[in-house]
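Note that chain A is present in both complexes that follow, paired respectively with chain B and with chain C.
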Partner chain A sequence: MNFAHWKKTGLLLLSVVTLLALAACSSDDASGSSDGGNGEEPDKITAWAWDPNFNIAALELAKDAYEEDLDLEIIENAQDDIVQKLNTGLSSGSMKGMPNIVLIEDQRAQSFLQSYPDAFYPIGDYFSTDDFAPYKLAPTSLDGKQYGLPFDTGVTGLFFRTDYLEEAGYSKEDLTDITWEKYIEIGKEVKAKTGKDMISLDPNDLGILRVMIQSAGSWYVEDDGKTVNLVDNEPLKKAFENYKAMIEADFVKANSDWSQFIAAFNSGDVATVPSGNWIAPSIEAEESQAGKWEVAPIPRLNLEGAVNASNQGGSSFYVLNIPGKEKAAEFLGATFGSNEAFYQDLVLDVGALGTYAPAADGEAYQAENDYFSGQPVIADFSEWTEEIPSVNYGLHTYAIEDILAAEMQNYLKGKDIEDVLADAQAQAESQLK
Partner chain B sequence: MKNLMNTIRTNSLFVKMFLVMVISIIAVTVLITFSTIRMSNNLFMETFSITNTKVLNQIKQQFESFSYSVAFTTINVQDNGTIKRLLTKENVSSLEASNSFYTIKEQMDRIFSNNPNDANMIVLGKNKQLFNMKYINWSVSADALFDHPITKKTNDHPDEILYQFVAEGEFTNGRRMIVATKALTESSTDNVYGYLYIPIREKDLREFYEGYTSEGNSVLVMNGDGQIISSNQQGLIGKTDQELLAVAKETDENGLEYQDVHVFGKDYMLLTSSLPALDMYVVNLVDKELVINNLVDRKEIVLISIAIVLLAVGIVFIISRRMTNSLQRLVKQISDMAKYDFNKPVDESGGYEAKKLAHAFNYMLNELQDHVRNLLKAQRKQRKSELEALQHQINPHFLYNTLTSVKFLVKENKKEEALETIDALIPLLQNALGNVDETITVEQEVTNIKNYVLINQTRYGEQIKVNTLIAPDCLHFHLPKLVIQPFIENAFFHAFTEKKQGYIQVLIARREEQLVCEVVDTGDGMRIDQIPSRKGKRQLFSGIGVRNVHERIQLLFGKEYGVEVTSQLNKGTKVKIVLPLLEEDAKENTISNNNTKPRVSGEENF
Partner chain C sequence: MSKVMKETGLPYTASKKTLGRRLKNNYIGWLFILIAAAGISLFYFYPMLRALLLSFQSGMGANLEYVGLDNYVRLFSDPTFIAALTNTFIYLLIQVPVMIVLALFFSVLLNDATLKFKGFFRTAIFLPCVTSLVAYAVIFKYLFGVDGLINKFLMNLSLISEPLDWLSDPLLAKFTIIAAITWRWTGYNMIFYLSALQNVDRSMYEAAKIDGASSLQQFFYITVPMLKPIILFTSIISTIGTLQLFDEVMNITNGGPGNATLSISMYIYNLSFEYSPDFGYAATVSYVIVILVVLLSLLQFKVAGDDK
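Now for the complex of A and B:
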């Protein structure tokens, strides 16, 4: 009887203990994943970027160059995804799942900085802003505080096929420091002589317009970054006219996406690529065309004050205001912010051209590029970089561009330029109010 | 070995009891443990299958909503006149191209905005015009796509939306894709003018269900050919398993909640849900063992059971040890008793049962002892009366001889002497007729001896002289009647058959705590073994003979007292009588049993 009692107690004990154990297990699980935004200094620093061959490779290189021990996790996300995730995350106010370091395109930067002023960590103290090209500083700073560390320059050049141009009777000199009008003229000639298109354009992407207007120091908005500046914008009007002239000259190969754009010149279908310097690796990827390419300065608008230098794309690193920000800022400051030797490697290994002025004297910058017929491409780009007019990209570059793209189609169909710009202005003002 | 066997034998009760207990405890615990584990497993599996069925339904809804989007998009693209027009155009000018590219993107944007999940949308014309909504997801070229088997298959089934798996490779930039394809046909002629692709990266498709998976709880998506096109178990993607497909089909068709299957070298619980619109099966494989091990900590249950068993066994050990120990001690005491001491009561200790047992045993022992004592008492009583009877038998010869002597004395006119003899006879008779165990003082005894000697000398002359030598401090001590007289008589009549004269010495002295009386004669002496044979002649004063004296003394006082005879031929015989020192009348000083302890008790007297 005694034992029966014992067994009963034992069984009870067993179930109680089991329950406790299970409860303990489940509570473990519950507490395991709570990972707040304001927690302790994390061990791991995360960075978001989008191009494995370019900016991600650059981060990897920086990680290797960084002398201190840092657990840096680089996560690849499509640029659109980064924009979307940042918008979602920052607007919700929850910094959960946000990276420490994020790469943002310069033309989008202001919209983030102004919309979420507290979400970013000023990193002006971690490097000297004087070392960087002035045109990079305006879009990466706000209210006098430096938030972005310039990564690559978007300095533009006119990549051209020497063989096609030669066939049409043009030399490099004929392409140097020309206006867009001259460019169109040459294009017509090339089309006529070689049957090749002069340029490949995506009708949905007016990047070429931005290149044109920045060369004249203008933008879609005024210097305050907010006031829409379309109507009576002489450079923009000129750019529109040039664009239409190109289309009408029928030497434009339309593309609908990046891969088709790349394919257009890799396949030898187009004679020139006016683009940011970052296109160079893609051109060089087609080895059969080695020695057939050179780079001339970008054409300018036929306007007073316009220069043969402009910018397309280009991005900068930002540090989010979450735990680990100091570590992240130190990392950026010590690599992209001040390491000359690292910039030499960056140019050589990744082909990324930074805007860090002291690096321009380095050996790698002076190197001649065999693919481009021995042209010291990097040095040329560095030179042009210094000439890029600084503009305030403001908040609404892409929103305005969507409106302009639609109006551009109307313009191509014959709508009057003044009406086109006036309508675009009206639309933009009402949309961005 | 022998010791061990011995120990086991002596402890056999304990061993048996303990073994039975231990075996039953272990058996019960093991059974309970197993049934607990089994019950929890079953309960768990039951719950798991219910939850997972719900989960599967949710996954299914995700897929269905996806397939609905795909179907919706397909219809929109198919019905879109602009897209159709642009896909069928050839050799356009820059202006036309610019316009059409812009328009088609615009149209696709509108259609695509309804398409959730990270799916892409690609439209490919027969004219090899390709429009890709998210080239970053899949930057495929028109030629590569046009010549790919998925396009061919789509061309073969122009009316169906096909969901095709594309393994990782250069074609897909190293990503696995599931591509929904549909040929775009002119409704009037059924001519195919282009293709619509809605590719979704396997990684993105996985997000439909990945949140529901965990270690041991995996989800596979199989297409109708048995190929695994998506899974949280990366290693399985791309493999084809007809067997699994068959089981999934069977489970689905028979409406089974779940089935146990053996696939990929393991036992799984399989739940499934079919996606007829996509010609796919969502299969949920639950690694029972792993999942149960994660949730039901068998090791812990077993450890607890072991702890309980050890605890119970320990308690059983202590309790049964206590019970059997007291019994065993009792048994040992009882068996020792037979060997050594029958009087010692057993120790009444240990458990209740052992106490009761020992008590009963002791009670029985006491009763037994009482009985034995009574028996002895009765025996002694009987002996005493025998002796008394003997004592009272005054030998008629003695009286006859004495009286004859007196007659002659009177005849010879020896009046004085005759009177002396009669005077000696009277106290002698008086003394002999009393109680056997009555005592008299040494002084009286000496007087008696003297009287007896006087009578004998009157009758037989004075060749045998009797001397008495009494220590003066002994005169007041008591001694039983007729203790010394038989030896003097014996010496008178038997010691001097050869020698006709001699001495008989009577010595009484105190030696330590004993009264020692010696009757020493200078007669013929004898061999010790001849003593009993002399008994035959009954020329005794009373019925009490030499032999009785010893017996009587021991009966009265105990074994250390008695008579000791030593003799040497021709030298004489020495009789030594050892008695206790009795101060008072002997009534108080006799002993009642054969123990050495003198016992003072009035009831012994009679």
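Now for the complex of A and C:
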């Protein structure tokens, strides 16, 4: 009897010890997070970004351009990894291991700013927001405070093969300031005359829809960034119709990932690439096609108020609310925030087009690009940048897009457009509370 | 001898001194497992408990608040979750039986005493499961691409007239995922059967042969019953594996087209990292997997008639 009793006591003891251990651990956690905001000033400032040829290169350039003495460590991570690390790190309440500066895609920014209040440091005092393209300010600020320093623009253009278009009987003028309907018409002609596809699309990526609707100043959510705006969203409806018309016109070359997308135009299989300007280096990578490409403004939706300018992607720098934040903000403000000469180098050395308006008058921006038949590509892009309608991307771009992607499949199979958008609206409303 | 027997057999009648020693021994025993037990509690049970608590909360990122059973109610009206659940069950119901049967088939073939190059075949079939999940998934993606090897092969054989959209047709995309998992895991299950077959007494087959049983009869009346515990074991781990399916879907189709190949685990990932983070609801969906694993394992035990 005694023995059995002891067994139980032993178990009990064990669980008590374990519980104590747990309690000790969890209280450690708690104290760890509470002093996250105001510790020692660190010697080193860290920055996280992705894409070594673009964002990392831009940061390196900024580091060289910065006159103060600053020990800046630039760490390259894949964008998905940064999103994950920020989410897990910030939600744990512990700021340990977080960088001082982080690059966040504009369409994700609001989600971070609102999910983790106080995790980011307002940097509006370190630069003048008036100097930047207006469409970049809404996604990078919250409650009137500026948190992000706008970096690259995702201004879109219609890259096209001059030789294919010529063969089909079209010149650059025929592609300038057109609607998507006209684009589809031209696409059919190109396919018939040259046998080449007009465009390469990933059926899982509705990025082209976002390009279309932003040209009409619309988004998946209303201006408050929260209210789901799918049903009765005329631009979105038009965009769906255009998308389906493209698929049915049989000039879409399907791709299922980035490398296949690149291969589609590098191999000469498609005649046009409507995309953010950041695709230019990938097009230029195929040297045998030099002189065969030009860029026209992106087509617009056939609606009143729609413009031939839109945006795809683009990101901004944020400063985390941890020791070293002032140093980090000063660094950003003195380089990306105000240094015109730096922006000229950025265009020349990295090919990165910022959204800092005063830089557009610089010499580097006017340079003619031989690959694009002598077109002053950068100047054209920065002109279009100023026309991009400003929209509030809100919180749920990617969640809504997954819902739309599922409904798009139904739409392509013949479901009525009104039902498609109504169902998507209902689903989004129930999912996003 | 008899003294030892008496001591161990009847502890309560032992003298006070031996009891004391026993307790001391017992203590040392507890001490030995204490570290492991504390470790498991800390790194398994505690997170599980926290996840359970988390599943009763909702909100964006760090703004979590308790919402009671709201998350669980939300599951039933969440079309994306229902789509993910349906997909997962389709994978489960088609892929697990196909794989188990294939693995059994290969293992019986390889167990044939007269087979030459046994080592080579065994290695060849087992090799897929030493590959990294992501690496093989990416290769499958390219194999099944519109310009991929599979389409080229089928076209050259004139089996199809134009390339199939393996990755962007809802039905074919599911097939691609199932083909990939089957390729990856069949060899793994086969090894279990092969080793279990080593323990089946050959004299049983000989006796059956003398009695005039065909190979098929031998397979169904000797091999399958003898392997029953292993078949049960492999079907349970395969079921659990399929419920946790993530890498293949993420890398081959990214859940698409639409959400035609979305798995539950991938939905959890999306809820946490792709959309505005709602860790509370993501934890709720995770607990659905836990509940499903428990239920399906119980069911399999019941069906196999093995209550132990």
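One rule holds in what follows: the second predicted complex is superposed on the first by the 395 of 433 C-alpha atoms of A that agree within 3 Å, B and C clash if a C-alpha of one lies under 4 Å from a C-alpha of the other, contacts with A are read in each partner's own complex, and residues count from 1 in each chain.
Convention: a contact is a pair of C-beta atoms (placed from the backbone, for glycine too) under 8 Å apart; a residue touches a chain by one contact, two chains touch by 3 or more.
What you see is a predicted model; the values in this text were computed from it and never measured.
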Classify the contacts of A:258 with the two partner chains as first (chain B alone), second (chain C alone), both, or neither. first
Is A:204 touching the first partner chain B, the second partner chain C, both, or neither of them? both
Regarding the shared-chain residue A:93, is it in contact with chain B (first), chain C (second), both, or neither? second
Per the contact definition in the header, classify A:78: touching chain B only (first), chain C only (second), both, or neither. first
Identify the partner contact of A:405: answer first if only chain B is touched, second if only chain C is, both if each is, neither if none is. both
For A:247, select first, second, both or neither according to whether it touches chain B, chain C, the two together, or no partner. first
Using the touch definition from the top, say if A:119 reaches chain B (first), chain C (second), both or neither. second
What is the shared patch of chain A, the residues that chain B and chain C both contact? 2-3, 6-7, 10, 13-14, 17-18, 21-22, 25, 80, 203-204, 254, 256-257, 260, 405-406, 408-409
Residues of chain A defined as touching chain B within the complex: 2-3, 6-7, 10-11, 13-15, 17-18, 21-22, 25, 50, 78-80, 197, 201-204, 246-260, 263, 405-406, 408-409, 412-413
Interface residues, chain C side, partner chain A - complex: 11-12, 19, 22-23, 26-27, 30, 34, 37-38, 41-42, 46, 58, 60-63, 74, 77-80, 83, 141, 145-147, 165, 167-168, 170, 253-260, 270, 272-277, 279
Taking the complex as given, what residues does chain B use to touch chain A? 21, 25, 28-29, 32, 36, 93-95, 97-106, 130-132, 134-137, 139-142, 295, 297, 300-301, 304-305, 308, 311-312, 315-316, 319
Footprint of chain C on chain A - complex, ascending: 1-3, 6-7, 10, 13-14, 17-18, 21-22, 25, 80, 83-84, 87, 90-91, 93, 111-112, 114-117, 119, 203-204, 254, 256-257, 260, 395-396, 398-399, 402-403, 405-410, 427, 430-433
